[in-house]
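The next part holds the structures, each set out as structure tokens.
Heads up, the next two complexes both have subunit A, just with different partners, subunit B and then subunit C.
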Partner chain A sequence: MATANVKIDVHHITRVEGHGNIVVDVKNGQLKQCDLEIPETPRFFEAMLRGRPYMESSHITSRICGICAIGHATASLRATEKALGVEPTEQTVLLRKLNFHGEMLDSHILHAYMLVAPDLLGAPSVVPLAKAAPEVVLRALRMKKLAGDLCAALCGRHTHPIAMTVGGFTHFPSRADLEGLRQRLIDSRPDVDATVELYQKLKLPAFERDTEFIALSKPDEYCYIDGVIKSTDGGTWPIEDYRQVTNETLVKHSSAKRCRNQRESYMVGALARFNVNFDQLHPKAKSAAAAINLRPKCVNPYMNTAAQVVEIVHCVEDAIRLCDVLLARGVSWEEPVQPGRLSGEGTGACDVPRGTLFHNYVIQDGLVSGANCIIPTGQNLNNIEADMRALVPTLLDKRPEEITLSLEMLVRAYDPCISCSTHLLHVEYV
Partner chain B sequence: MGVETPSSDRAEHPGRAAPTLVLALGNTLRGDDGAGPAVLERLAACPIPDGVELIDGGLAGLETALHLQHRQRAIILDAADFGAAPGTWQRVSVDALHLAAPEGFPGLHAAGLREALLLGEALGILPPDVVLYLIQPQQTGWGEGLSHDVGACLDPLCRAVESELRGGSPPPGDEGTPRWRIS
Partner chain C sequence: MAARPKVAFFEFTSCEGCQLTVVDSLQTHPELLEAVEIVRFREAMSEKGDDYLVAFIEGSCTRPSDETHLKAIREKAGVVVALGACAHLGGVNAIRNRQELPDVRRYVYGDKAEWYETYPARPISAVIPIEAFIPGCPIDRQEFVRVVTAVLQGRAPQLPDYPLCVECKLKENVCLYQRGKTCLGPITRAGCDAICPTYGDSCEGCRGLIPNPNIDSLKTVLGEHGLSVEGTMAKMTLFLTYQMMESEAAGHGNGKR
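On to the complex of A and B.
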């Protein structure tokens, strides 16, 4: 029997980063309100950058997030390098890609195993899951530790990296470091296979809503750094034209800005990358996708976690390849490439675990005079709400707690990093 | 004896993990938060008995639980604000800690020592004997180096840990029912 009246008010969704509320109001079977409220305080990172030396930007902005710190640092460095005419060396590009895989693995393992799997295995959180299925949680910890160690070997430490700088690195992994990491990555393949097998067994909710998917793209690799902005609705844009894609606006119930491109909303993240860049995935990742029944173009947002599992396979295999390349060519001490000028404007973009991240800086005489950071979760908020509006009417025959769980799982599927998304307001005192 | 950084994977293998672990936690770029690693550095210069591994665990995350796996004993060195005079230190058994948070398991995006111990307990991988040496900081702001009072406690604290590692009587500590809450 249809539920005529439903009122859901989830304050502080659990197992996401930051604070978000789900507010749904159905009266007489009609959806009156369906909001994802973001009540977090704006964090003013762009304002913090103004007046600071360009060398500090990556260190300040990596503090936006404790999960995507390397992603923020990389986007920040690329923005600064483009502004100041710095072209990183081949070695720097290779090390950044390998470093990035470490962070992608760490974040995806955290989400797939510790934030989403408890829902699918009927556990309220990872602690009861650890008691019920210790081998699953121990596997996740082993994989996370390897990912963190990879980051530490390349950039000093994972959270808030210290060895990444404009024009290169200030620390380099030894040959023994790379050989050790390569062997541990190879040894982790059974854990990766077990992860795919786990998601073959777990049943993600069936819900479909067509939307626009956006990701960075390159013709010759599964793109995480640089490239062009590409949409499944057609069209590519240079990174510098990011504002034409993001089109930020404000809504009353959110302290994070909203984005839209060719429709009312779009999605970024692992599922978007999978849909945009499937052809460039490692063959083993394509096999994993087939095994868990994920095919492009997939329009079920709950499958974002499945796409993360596919990316775990890709990142492990590509990290092994990158170790091989670095070992074959050797890693030598390189002084960072120095800027050719001290003034300019640049935009850096990376596809971080939760989606496409943009940093844009204006630098004058070596000091940042303007900054704009557009974070993946902010880009996804309109899409999550559009999914909620489509999903709620299909759930009205269920009990309120079942509706609530379905909506919480939907929000969690996006792996939102809400604190990152509330960076935004430009305040003028007049 | 040298200090291992967390990059090794020895602790994940039963045959390779030393029975006793001394694990320092803290950020050496945040003033007195680096007290644990500073004690560890002094210990590394001492003649430590066989079967003891020293690890600088940096900033604790969930993976810290893996360091504790396959051990008989773990001694954790960490800065902790417990309202005492700077440089005061306290030996606390894990049994004297409130691990469960009243609001449930906290966010995984900012997991620290408490979450690692909680997870380790749930996984059944905590050593039978886990003690913490908690050091009261004076300041944990930006910058390297310890305050005078915290620096002054390093030698006696190092001697206490070294004595405990050699089987001597540990200093008086809190072994009782949970009275300490860490976060």
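On to the complex of A and C.
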């Protein structure tokens, strides 16, 4: 018997980063309210950047987020470098890619094992799983440690990076560091395979809604840094034209702004990258995708976690490749490239674990005079609500606890980084 | 056998990086899960309990409604520990305190500024008394384990009162000043094993000032090493804006007490 009246009010949903409330109100079978409220405190990072020396920007903005600290730092550095005419060396580009893989792995392992898997295994968290399935939890901790150690070798620590700076690095991994990491990555392949097997066994909910997917793209590699903006609805845009894609607005129930492109909403993140850039994935990652029944173009948002598992495979293999490249050419001490000028404007973009991130700075005489920042989770909020509006009517014959869990799992599937998304910077042209 | 002490984690205005560091400390200390019963940890657990002995609080207090929640936690907890620079010092959240608040609000949210509640950021100790703090942005994993161990044993945690320079010397780091850079190590509390200078970057003061810091002398040294007055102020206000403003308000422009 379908439930005609349902009220769902999840205050501060658990197992996501940051504070979000799910509020759903169905009266006589009609959806009256379906919101993902963002009561997260506004943090005003944009205001903080004004008047600060350009060298500090990546250190300040990495503090936007504990999980995507390296993502913010990298996008920030690219924005500053473009504004001040700094061209990173080939070695810097390689080191940044390897560092980025470390964060991608750390974040995806956290999400797949500790934030999502408990729901699929019927547990409230990873804590009881430590007793019930210790080998799974220990594997997650082991994999996360490797990811963290990879970042530590390259930039000091994952949260928050130390050695990343405008024009390069202030520290370099030794040969022994790289050889050790390379071997540990190779030795982690059984753990990676076990992760794929886990997600072959776990059943992600089935729900489909055709959606526009957006990701950064390059023709010759699975792109996480730089590239162009690309859409599954067609079209590419240079990074500098990000505003044409994001179109931000404010809504009252959310301290994070909302975005839309060619439809009322779009999705970014692992599933978007998978859909846009499937061809560039490492062959092992493509096999993993086949094993977990993930094919482009997938329009089931719950499969975002499956796409993250595919990316775990890709990042481990590509990290091994990058170690090989760096060991072959040798890593030398390079002083950071100095800016050719102290004024300018630039936009940096990265596809961080949760999706496309843009940092856009105006710098005057070495000080940041204005900035704009579009966060992946902010870009996903409209899409999450659109999914909720389509999903709730299909759940009305279920018990309220089941409806609540399905909605919580939907929000968790996006791997939202909510405290990030309230940091939206204002465009200021001087 | 005694019941395991109950602990809870809370976050205010923060990046949740300190709590993530707590999760990562399980990589080397999985026995932590045996030593305590975690009744609340929103980011990692759906279990929720309101009966706890120790409350770890991450994040700054940045709006009036935060005060209500902080006081409620203080009521329930026997021991409150500030977790990380935002909770301990105000941290980067306080950078905006030097600007006019209405301007800050308009800059981000335009004419919708009134929709979002805020006031100047402050450490949680400005609102409630705390028994201990774990400094740093983020916290150091080893220090977290040491402090938790002390708290569970009913001891006051012992944090170093000496500056980072001691740790740099012990590690035989080449001093950043000798490498043409500057560093806040001489006035910052050690305990992080001088991680930033070790990786070639300036100490930024995220762990807070040592007792009786010689800020005047450091400002002179920074000037001698090429930092302008504005550059010095920027360095001193990355993590320490709240402390610098308190010091100025108390009439001590030099930061001495």
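Keep in mind that, in the parts below, the second predicted complex is superposed on the first by the 423 of 430 C-alpha atoms of A that agree within 3 Å, B and C clash if a C-alpha of one lies under 4 Å from a C-alpha of the other, contacts with A are read in each partner's own complex, and residues count from 1 in each chain.
Here, a contact is a pair of C-beta atoms (placed from the backbone, for glycine too) under 8 Å apart; a residue touches a chain by one contact, two chains touch by 3 or more.
Quick caveat, the model's predicted, so the values are computed rather than measured.
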Fit-or-clash call for subunit B and subunit C when the two complexes are aligned on subunit A: clash
Contacts of A:Met104 with subunit B and subunit C, given as first, second, both or neither: neither
Subunit B versus subunit C as contact partner of A:Thr159, first or second or both or neither: both
Partner chain in contact with A:Val268 - subunit B first, subunit C second, else both or neither: neither
Contacts of A:Met409 with subunit B and subunit C, given as first, second, both or neither: neither
Partner chain in contact with A:Leu141 - subunit B first, subunit C second, else both or neither: both
Superposed model, subunit A: greater residue contact from subunit B or subunit C: C
First, second, both or neither for A:Cys373, with subunit B first and subunit C second: neither
Contacts of A:Arg184 with subunit B and subunit C, given as first, second, both or neither: first
First, second, both or neither for A:Ile60, with subunit B first and subunit C second: second
Segment of subunit C that clashes with subunit B, given the candidates 113-121, 149-157 or 167-175: 149-157
Overlap of subunit C and subunit B interfaces on subunit A (superposed complexes): 14-15, 17, 66-67, 110, 114-115, 124-127, 130, 138, 141-142, 144-145, 148, 157, 159
Subunit B-facing residues of subunit A, complex: 14-15, 17, 66-67, 110, 114-115, 124-128, 130-131, 134, 137-138, 141-142, 144-146, 148-149, 152-153, 157, 159, 177, 180, 184, 417
Subunit C residues within the subunit A interface of the complex: 12-21, 23-24, 26-28, 30, 33, 38, 41-48, 62-63, 66, 91-93, 95-96, 99, 103-105, 107-110, 112, 115-118, 137-138, 195-196, 198-201, 204, 231, 234, 238
List of subunit A residues in touch with subunit C within their complex: 12, 14-18, 41-44, 46-48, 50, 52-53, 56, 59-60, 63-67, 69, 110, 114-115, 118, 124-127, 130, 138, 141-142, 144-145, 148, 155-157, 159-160, 162-163, 165, 169-171, 250, 252, 255, 419-420, 424-426, 428
Subunit B - residues contacting subunit A, complex: 5-7, 9, 12, 58-59, 61-63, 65-66, 104-105, 107-110, 118-119, 122-125
